[in-house]
């Protein structure tokens, strides 16, 4: 109810603030008898962690994965996996000035309105740090999906107003922005470094491509596969929109253009993005999310203090000038969780 | 689990197929002691029903609201409200030709893959008819929200490639497309009538504006207010995308442009669409959904039969050339349900 | 949240008051492609209905089953089954005197405290009538369990202080109290008819035996199979206790007596009642529920009126002097729902 | 779904095995702004821990409480509380002999049937150790209930066949069995020490009394207050039955005896145990649970090995000859969680 769990048959529950002792996740509903180890999860954590390049925050969170339950002799047991990530390199003193004012674009104001109390160190649960538990839980889902032949891949399609012109999935992990086009990546990096130097930030678009999902996945009314993916993606702090297949462009198309016709080899087009009526069609699942520019900037901004007085704020700290490359593994993690959950739900329905 | 329920503290569960005996909804978690009657719900049903104009399906569903439980002497009792809408004007014979082939853009293929069985009359649960129960349940939520001073308003912002240039909310219910701009509305209608005459269809964009929501609503991690609204909207069959506030445009903005600064009178801008960190800010909540063109068209299309053979299909029947005006009340209904649910969840958290 | 749904992977949601227009149930999570018809469900409804004998209420509820969705050509489709039972033979005038006073043992007082409003006709949702939807939903679960080889059987083990001395399951449906011992049944009936003649009522014990459940069913921590069965049974209005296997007698046994030893053919004893650590052992599942005497009696009782004034009440109406025989099918129905739900959950966990 | 969470508006999710690195709990739905500290929770943990006396296991688990999230400057923040308890004094070598055979009365056999894999060290999640997380979560609920004026008290009413003849709540925490009658306590202890000396064990009855609950708490159909308490109690490994108020004795009473009459000062009797129609009446809530004798005994028992061969097993290890005194705080913890959850649900329904 308080919303710190996600999924039904495969479920994660996260905890932890950016400046507390630790963050982590309980993963419930794990298939027993599956080989898993900390290194597998660590590999995903390392993709999310800050300090990877000039376009991400220099904050150091080593994010060393510790699995404290649910494993026996290298295999999952079916009981809850608990994964903890101890926080490191916290410098709460850097945040003392934000104790008295609300940072524009941040959840400072809304959290205080909601709870009547605010942990002003960093951003508490509203921090991107909260996604660490998601990535750990998503890595478990990814391992289970491997057995089903499902691959989940995301990348930065656009950042700082520059859009990829080519798609080569082998390039994605080779550049600091996780773009599919090395030339565009170089332009993005240059632009982001410039914005970083003037204390500003930028947004972008992350696309996710999912292959190998069998047709028939997704519950058809409220828990449509695209509805659940939309919730999962919008639950990521910086995401402000999502579209599937042709997406918003579909609003300008005719039915005769948008409908995906079929021949004996399958769907001829994929304007639907691999989901029709909320159920996977067997085609690639394709969606894009809109990523807003990072809220934390050191450009002076107008705001109010906790007592309502007008003031100017400059957010210091070690922030990401563009969060896209670090959102890529979070998008993948959440997509993995939604898919594994729906596979289990489909089995339950038929079983 | 099978996904025919939505909401937690305020919850709807729907049933019914387009060509069965009835559709309907159980509404659970209704505040007791609230005055309600069938006429109030009927008014919302009448906005959704087909046969309202030249731009919607001529099918007649009178959709007479019957409340069979949960009321006593004109007041809600706190027990489940059950609302049934008997189906009428079914002509299953019109659908016999679709028994043997899959209609492009329809869920025929995906349902068969999921369940191994298909009710080929109309579209079963994948029919837009399924939304009748939502609108009935949403009307109950709307009544509860009235007591909180919340207003939910949606309209067609774009249809058939034509976009509203003005916004006058008093115009919306006066034109057949539910557009906010009477001139644009006239152009839309002309274009849609033309498409209808050639058996084709078009999509559009529906915008929703929510006023009067107090700051502090929404659960901050997975059940963010925008995440739940996104799920609710993507669970509507024809919706392929959603964006909040600046939405996809935010991906091209700088942090210094996108951040909503504050002064003593509140937020100066509203790029966030009234939700920051998943929690309402007190500003208007604004989102837009992408509506795909109606799948059912009478233009000949290439498809396969149930045995995989290639064939050409022409979907006869009485379909909507543009579903936007009828989606408007469904968008409102789902938004009302999300909001009332989150109000109750907020009370529970603090209580 | 408001508690009118039960189950996760197989879920029922009920509605309806005793003196409203109808009661009914939405059954979600039904396996598709299963043959089912109204007659199968009707057979279970007929076991629950009043007016079957001298030991039950003479009220006539014909309880004719109507399935309005979720079926196609005699098979389930996987979409929600909606089953409605229209109310008949309501005589609200018989209840006008209870409008002003609280009946001892009834939920009149507690409902008013909870909701601040009370539907004083009959007992609203607190009426035994509410169980009609459960029995209909349970019949669907029973059909699914048949395919798994599971049999669920309940009977009156004790009523009016008389206990069965023999167990012959073929006798159960042959006598009006559904006892396993025809001689004890005759004694029970004589005693109950006497109590009925003086306006009083009595309780009893119903035992449930479940055969054919494979070992390994049940979630091991909070959703233990016995925990879920306990919730299901205590959710039946007249039930005040439950015990599994040796039950309360186990509290006086030694570990060396109570532990069920095993040999090559399986468990030698079954003190655990077929569930160990919350998981089925493969032995018969056995539990007993304590049924309180019916609250509605025409013996004068001391109570207070709605304004707190002391008064004497005599509850007229057509009530059951002993509810045990009619609770038997409700116990079976709820057990079926719990089991089918756990089968599906087990499949999801492994799948 | 996999059943490691309990509650809706106030929810706990537990993890951890008896011989893993740690056990713990995430508590979600905590009211913000409540003063709380580790010492408060520690006090409850200390009541549950082993090694307190001659009648409990000599195993040492120091169970030092660490709260790693959800607190700020001594107050709850409304975000998830994470509490971890590191395991200590594990001696897995003591369990190597149980690797090859199933201990009678233990979940060894059923877990293997369920999961196909078994963590044979201790009892994994089936260990009483799992309840540590519950007691920690229950302490948080207890703190919230204090603000509502609710007191939850359990004690050993019967152990080793000896029943308390008197009730003095001040005596409970003064004797090693947590009995309400110091004389009976002395007899119990003598009997339990004898059983311990011969390697056997015994069961008992724990009664729970809840004071200060306002009338009107509990959801009336499936989530009745007694139904939820029953689930909560039966989810405790050693509990085999529950009864409310008169309980099983009600089955032998007449309606005219069992009904609780009212006068101007309230209910005259409390046969219902404080819950009528699933809703609290304002009277004391009273229930009793049947506790089976501890399964782990060193008396030789017949069993089978993992390959089905017959064998004799002697369970070594440091076990509790009577678990009642350590179950007392677990019963209280689970009752607190159910109550706090229902208070929040009631607020949501009305709110």
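Letters A, B, C and D mark the chains as written, and numbering starts fresh at 1 in each.
One rule holds for everything that comes next: a contact is a pair of C-beta atoms (placed from the backbone, for glycine too) under 8 Å apart; a residue touches a chain by one contact, two chains touch by 3 or more.
Note that the structure is predicted; figures quoted are calculated from it, not measured.
Looking for a copy of the A-B interface in C-D, B-C or A-D, one arrives at C-D, which has over half of the same contact pairs by residue number. The greatest centre-to-centre distance from chain A, using averaged C-alpha positions, is reached by C. The geometric centre of chain C is 27 Å away from that of chain D, both derived from CA atoms. Chain B and chain C have CA centres that are 39 Å apart.
Computed centre separation for the pair chain B/chain D is 46 angstrom, with centres defined by C-alpha atoms. Of all residues in chain A, those that touch two or more other chains are 1-5, 8-9, 14, 29, 32, 78-79, 114-116, 125, 220, 344-345, 348-350. Within the complex formed with chain C, the chain B residues making contact are 1-5, 8-9, 11, 13-17, 20-24, 26, 28-30, 32-33, 66, 68-70, 72, 75, 77-82, 84, 114-119, 124-125, 344.
The touching residues of chain D, counted against chain C in their complex, run 1-6, 8-9, 14, 102, 104-107, 109-111, 113-116, 123, 125-126, 130, 158, 161, 195, 200-205, 214-224, 226-235, 237, 240-264, 268, 272-273, 275-282, 290-297, 299, 301-304, 308-310, 345-346, 348-350. Residues of chain C that touch chain A in their complex: 1, 8-9, 29, 31-32, 78-79, 220, 343-345, 347-351.
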